[in-house]
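Letters are used for the chains, namely A, B, C and D, taken in the order the chains are written, and counting of residues starts over at 1 for each.
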Amino acid sequence: MTGAAAWIGSNGVALVLAIPFASAVLLLFLRGYRLSARLNALSSLLTLLASLSLLAARPAASDYLLVDDLNIVFIILNAFVGFTTSLFSASYIAHELEIGRLTGGHLRFYHAMYQILLFGMNLALLANNIGLMWVAIELATLTTVLMVGIYRTHEALEAAWKYFILGSVGIALALFGTILVYMAARPVVGEGPNGMVWTVLVEHAASLDPGLLNLAFVFLLLGYGTKVGLAPLHAWLPDAHSEGPTPISAVLSGLLLNVALHAVLRFKLLLAANPEAIAPGPLMAAMGLVSLIFAGFMLYPRRDIKRMFAYSSIEHMGIIAFAFGMGGALANFAGLLHMTMHSLTKSAIFFAVGHISQAKGTQRIDDIKGLTVSHPLLGWSLVVGVVAIAGMPPFGVFMSEFLLVSSTFARAPLLALLLVLGLLVAFGTLMVRLHALAFGEPVGRNERVKASYVPMIAHFALVLTAGIYLPAPLVAWFQHVAEMLH
Amino acid sequence: MIDGLSIQISQMLLVLALAPLLVGIVRAIKARLLRRRGPSVLQPFRDIARLARKEAVVAESASWLFRVVPYLVFAATWVAAALVPTFATGLLFSWSADLIAIIALLGSARFFLALAGMDVGTSFGGIGSSREVMIASLAEPALIMIVFTLALVAGSTQLSTVAEIFLSGVGLRVSLGMALVALIIVAIAENGRIPVDNPATHLELTMVHEAMVLEYSGRHLALIELASALKLLLYASLIACVFTPWGLAPAGAPFHVHLIGAAVYAGKLAAAGLLLAVFETMIAKMRVFRVPDFLGAALMLGSLGALLLFVSRGL
Amino acid sequence: MERLAFDVAHLLAGSIVLLSLMLLYQDRLYTLINVFAMQAVVLALSVSWQAWVQDAPHLYLTAAIALAVKAIVIPVALHRMIRILGIHREIETALNTGPTMLAGLGLVALSMAVILRVTSDADILAREDLAFALSVVLLGLLTMVTRRNAVSQVVGFMSLENGLILAATGAKGMPFVVEISVAFSVLVAFIVIGIFLFRIRERFDTVDLEALDEVRESRR
Amino acid sequence: MTVAPLLAGAAALLALSIAAIPLARRPAGNKILYGLALALSMLLLGGAINHLVSGADPAWIRLPLGLPWIGSRFRLDALSAFFLAVTNLGGSAASLYAMGRGAQEPEPQRVLPFYPAFLAAMNLVVLADDAFTFLLAWEFMSLTSWALVMAHHRERGNAHAGYVYIVMATFGTLALLLAFGLLAGPGGGYDFAAMRTHEVTPAIAGLVLALVLLGAGSKAGIVPLHVWLPLAHPAAPSHVSALMSGVMTKAAIYGFVRIVFDLLGEPSWWSGLIVLFLGGITAVLGVLYALMQHDLKRLLAYHTVENIGIIYIGLGLALAFRANGMGAAAALAMTAALFHVLNHMLFKSLLFFGAGAVLGATGERDMEKLGGLARNMPYTSFVFLVGCVAISALPPLNGFVSEWLTFQAILLSPDLPQWALKIMAPAMGGLLALSAALAAACFVKAYGVTFLGRPRSEAAREARETDAFSLAAMSALAILCLMAGILPGFVIDTLGPTTLSLIDERMPVQASVRWLSIVPIAESRSSYNGLLVFAFVAASATFAALVIHRFASTRLRRAPAWDCGFPDPSPATQYSASSFAQPIRRVFGTSIFRAREEVNMPPPGDGRPARLTVTVRDLAWELIYVPIVRGAAWISERLNHLQFLTIRQYLSLVFAVLVFLLLVLASWQ
């Protein structure tokens, strides 16, 4: 028993990668919906456990894989949301089967892709080699492209295609950036694979060629920024969210954006460690602010509920990017907290929205009214979710926004005013829609759905707790990461 | 203590006795000015007595409030009138309400009267009440501004103190003059005299006070008439005690001084009545929507006077 | 020797840039594809040259892939597709040739400026190479955004990627070059198949307005 | 008295709201939950009063919640104790009232879970001692009250009301957040203790004041930030309306006082000027708009705006005096303001309860359809009358006392050195008097049209007296109004420690003054004795009654109304609310209300009735909010085109950004 524990402890990293991959292969050949859904959930759970084991025993960094304070936050979050989403997807996909939007063939593909996606993201997070990271992110992107297009409708295909093309260009730019980093490193680190190992790079960061690093960062920011969904590189995001199956929207918003962000952060660290290089902060802050305000205004004219929340994801990614761009202990802490809270809340919202759109048979906001009357539980969860994501207490987002806004105002009042403007606009627009969706007389068809509330409630419980009480170890850990990020 | 109490009580009775008399005097003089013989100056007493003896007719749609109001109005007005120094400043309870409180007390009386006007649910009552409160809402700020002026000169809103200080002489001041004019205007408006209102009739569409009490009869009407008489007296003695404080018996003065004070006070009242009558006969009633301008003038004067003082005090 | 190595690399890279510029003003699809194929050939040459200079044998593999996939397979596929989709005389440029050329030259100048200004001490060969690579990348993007037609956009993307390969091979001893070129071939294959399967032509770039409005409604 | 028990009470309230989720639908749930809420509020009230009278030192506690490195701190000092008392007094009254009226809720499950949480939030606001906890409680207060406003979401316009409310509330919270950001500094010293010590430059102080006026002001309803208030307060269930108007606005006042008087340090005189001016404007505009309403609850809501203005006048004076080191005067003004806080809570809750009772009895909020309720609802009409007299600032009730104190404070303003203040103070005094008089007019209208006259609708004719709980709550408040009116000395003395803690100065002790009258500075200067005035009026009224009934007739005859000989049977001929307000509309009319009267008179011979339509609009909407909303919509319409670009155009965007960044890079160094 203890032996097993020890073994797991020692091979945590391998497990985090192996479990999804193996189950993906398995799922590809597995028939029967119920079984594969269960296997999907099970393997996600195992991945979660494995990732938790990383807390206990942290393996030393190899040339290819690395576990440090920064990415462990992401990995555990990733595994957790991946697990809850797999639970949600079980009930969601069941309904899709009943109404015949999906067929068995699609399903095998779907579940396999889901695991591949988890694998790709975990790999991207664990990668200690910027080339490997690039490959992993491309893999994740391609899988999501395939899943977005899974419904084969006109819109779905167009969304997938848009995502694909913009994504590929992003990938290309990111690769160019990666090459540039290598070239910057080569004179110092010497030729060969070492020039791509992140830990090595960070060691020698100070002596790398600043000019090349700057150039590299521009390309990396644009390349991975496309994945993060920062305006004006966001175009793929709303469509991909609104046309794909909802579990995928949840994973996209909750996880993939974070993974891309993690990549950007890694390179930010690299630049920050180099005194002559340009400060990456202002770039990120500017893009973040633009995304925030832009998305805030774009929320208003939306007619499609999933698309609206996709824009809200852009908004929050903007906030997070802004926070990390501002830097400093408080802002970084706020950024990390906000990222975590956003992943949990937004995915929970998508869980709710998924069931709602199934119950109403539409995603058009105008055709959804009075949910708190027709579907009390779903309706109120939507209310809670929107209230939480809009940054109202007692939910976690409030704390991060509190820290961000107040600390920024003391440092850069004008930026803070812009930030507040963006927050207000986004809040106002979200609330307009919420009033229409949740209150008033219900319209349209009101089917009961067999919804799985557990993931939703679990997420909300976490977000609520975090809003009131953050456990000391978590805080210390976040603070350490914040220190790390300067 | 004891003499203070006696002065207080005697004043309460005095105002009660003098109020109808003042009304009678005004009516008589007006009649003379219009070359009518007119009723005797005691007519108001007779009217009130007769009204009190008659049975009261109450409209079916009237509520409990309708029958309580007359007593409240009378009481409030009487108390207010009893706290304004008439012939002596040494009133026992003068400190229980300063000028602002007295004004507010009259405000309460008006509040209830206006409610009574609404109570029966007739259009006349409504007209009366709504116009009454409109006039009051302009008169009260003016009054407060006047109070500011006086209070700044005297450094107090306590009427007895004000009177004593003015008696000791504060010199001639522009702002006081303004305050006086403003106070007179307000007094005219508040007592529903020409040109704001015509107490003699209630068949004009522009009437205010009379329309409000239209439904009252018998003892209720008697009380209300008495109350309005008291109100007139109150304003007269207010103006008298503030702007012509001569002859006021100071606190603790010997008995004969109080007698002199009383005599002087009677004289002042007569003069006030005469002036009022002359004024009323000389000018014509104005349209109700000209009243705001009329009162606006008072407000202007009052605030001007106050401002002058506020600013000059600091120099 | 070093001198010669530098000159040849320089020559090849420069000619790739030249071909990218040529791509810009092609208004016939067939010729476009042919020019691209030519670029791929030159790329293969330069990659193998690099392989020889750096004596890194695995780069020959990259060169082979470039030659096989980009110079032969894809051009042929595209030719067939054009014939099948019947779009051979479509010339939809968003910008006239003149401005496009100017923009292209501007981009080349820009990339030169950037590279030469920022990189002071990177060794000369890599530096020049990098400048060329960057301009190829930018030109490729320019091609993508100035063409309305799906096929020519794919071509643009692929020439962009050529730039990447150029840069990658230029960076001495860079790992993963082969893997990357493979990955990209896969990507491109995906795109081509995508176009072919879903008749992407009209979806790739919707210009007809009713479609847009109908989309608008469903898409808010 | 330590803080812990109070926090426990608040926590119990929160627990109660969770328990309410399952209990709400039970028939008994209503009484149980509100009963428990009542008990808890009473306990908290007891704690607060105990702290006030015992004059204990401030107690504080730190819980390991909230911001990790600061924890969430709670502190009970004189100020918070006073507001805690106000809050829970209102809370208990509302709970008692709701034990009866709450049963009539159509959907209790939309009210019960949020009600105790709302109470808890308000308690936490006044107890919080660090910025995060404060704002958390503050925004949670907004959130819960928003949920309560949305309880009647089916009624027309309520969704709009809730929306405007929540957006304004968040706007306010963000403003406060910025203010705290300034006070805390970049180091993030978010606990109030640190802020007290943290010195700020005058410029920063001014900025903070402005932000606090925006933040706390939008919650309290300062013009022009008041627009949400007359929408949201009436929309909620009546006991919640009472809480929002009577108590929540006081939490906003508390926020202002706490930050400006306690955290911000020494004020500068112009801050007093600004606050004074805003207060005056708010008071007059509030009451003027109130006069134009004929929805009973909305009228009351607008009166809240007025009273907030009065309170701010007092606060402004206090600031001005304090800035010039006139401690005694500052204490007087502050006492006046805080006294009015208490008074407004009392009579505004009472009036909203009354309105709720009317609503329950007739199903009508529109006064034009009411009338004559005094006969069917005698008790309600009596207590409502008490409330009307109190809010109209008429002696001998409490409303008058606080306004009288404010006047006394204004009379001290000539000693101020600054000219602007010299001129502003009396001007605001005039506005104060004006608003008082207009308030009286407005409540003659409200009471006269609602309770007096003849019923204007079947519902009004059939109205029945409301239930015992509601009556108990209303009577309790009415008695308190009277008590505070005739025994103001005790209230003033209780406020002593609070003013002492804020401006190291307090009004002279009143309890020792003979006959329990109140003397702000010196008896020769001014004094007032509500007890005696009340006694005199009562005595002479009875005296008159006795005399008349003894010596004159007691006969009484009921007869049709005389009405100058033209009695009209139809109640429609009565003066209606709008006709009552017409003269005042004519006077202040067109400029302030944008009032438009249009008469369409059918041609002679045409049978159709002529009709007069009057439209009155709130200036603030016209001038501020509509343009903002239009602007936002315009921008988002323009930006929205970006949603419909083609892939090529999106690529061009990316391309453009790339080129731009490269250019930046090229021109670097």
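Keep this in mind: a contact is a pair of C-beta atoms (placed from the backbone, for glycine too) under 8 Å apart; a residue touches a chain by one contact, two chains touch by 3 or more.
Just so it is clear, the structure is predicted and the values come from calculations on it, not from any experiment.
Any chain bridging chain C and chain D, meaning touching each of them, is among A; the list is complete. Top-ranked chain pair, ordered by C-beta pairs in contact, is B-D. Separating the centre of chain B from that of chain D, both taken as means of CA atoms, is a distance of 35 Å.
Our note on geometry: chain B versus chain C, Cα centroid distance of 99 Å, whole angstroms. Work out the mean CA point of chain A and of chain B, and you get 78 Å between them. Work out the mean CA point of chain A and of chain C, and you get 31 Å between them. In chain A, the residues that touch at least two other chains are 161, 165, 169, 214-215, 301. Counting partners per residue, chain D has 640, 643, 647, 651, 654, 658, 662, 665, 668 as the residues that reach two or more other chains. Contacts with at least two other chains are made by no residue of chain B.
Pairwise, the chains that make contact are A-C, A-D, B-D, C-D.
Residue ranges of chain A in contact with chain C, taken from their complex: 131, 135, 138, 142, 154-155, 157-158, 161, 164-165, 168-169, 171-172, 175-176, 179-180, 182-184, 186-187, 191-193, 195-196, 209-212, 214-215, 239, 301-304, 307.
If you check the complex, the residues on chain C that touch chain D are 94, 107, 110-111, 113-114, 117-118, 138, 141-142, 144-145, 147-148, 153, 204-207, 212, 215-216, 219-220. Every residue of chain C that touches chain A in the complex is listed here, in rising order: 114-115, 117-123, 126, 130, 133-134, 137, 141, 144, 153, 157, 160-161, 163-164, 167-168, 171-176, 179-180, 183, 187, 190-191, 194, 198, 200, 203-204, 215, 217-220.
Against chain D, the residues of chain B that register as touching in their complex are 52-61, 63-65, 71-72, 74-76, 78-79, 82, 93, 95-98, 100-101, 104-105, 107-108, 110-111, 114-115, 117-127, 129-131, 133-134, 136-141, 143-145, 148, 151-152, 155-158, 161, 202-203, 214-215, 217-219, 222-223, 288-289, 292, 299, 303, 306-307, 309-311, 313-314. Residues 161-162, 165-166, 169-170, 173, 214-215, 218-219, 221-222, 226, 232-233, 235-236, 238, 278, 283, 294, 297-301, 330, 372, 387, 390, 392-394, 398-399, 402-403, 405-411, 416-417, 420, 423-425, 427-429, 431-432, 435-436, 439-441, 467-470, 472, 475 of chain A are the ones that touch chain D when the two sit in their complex.
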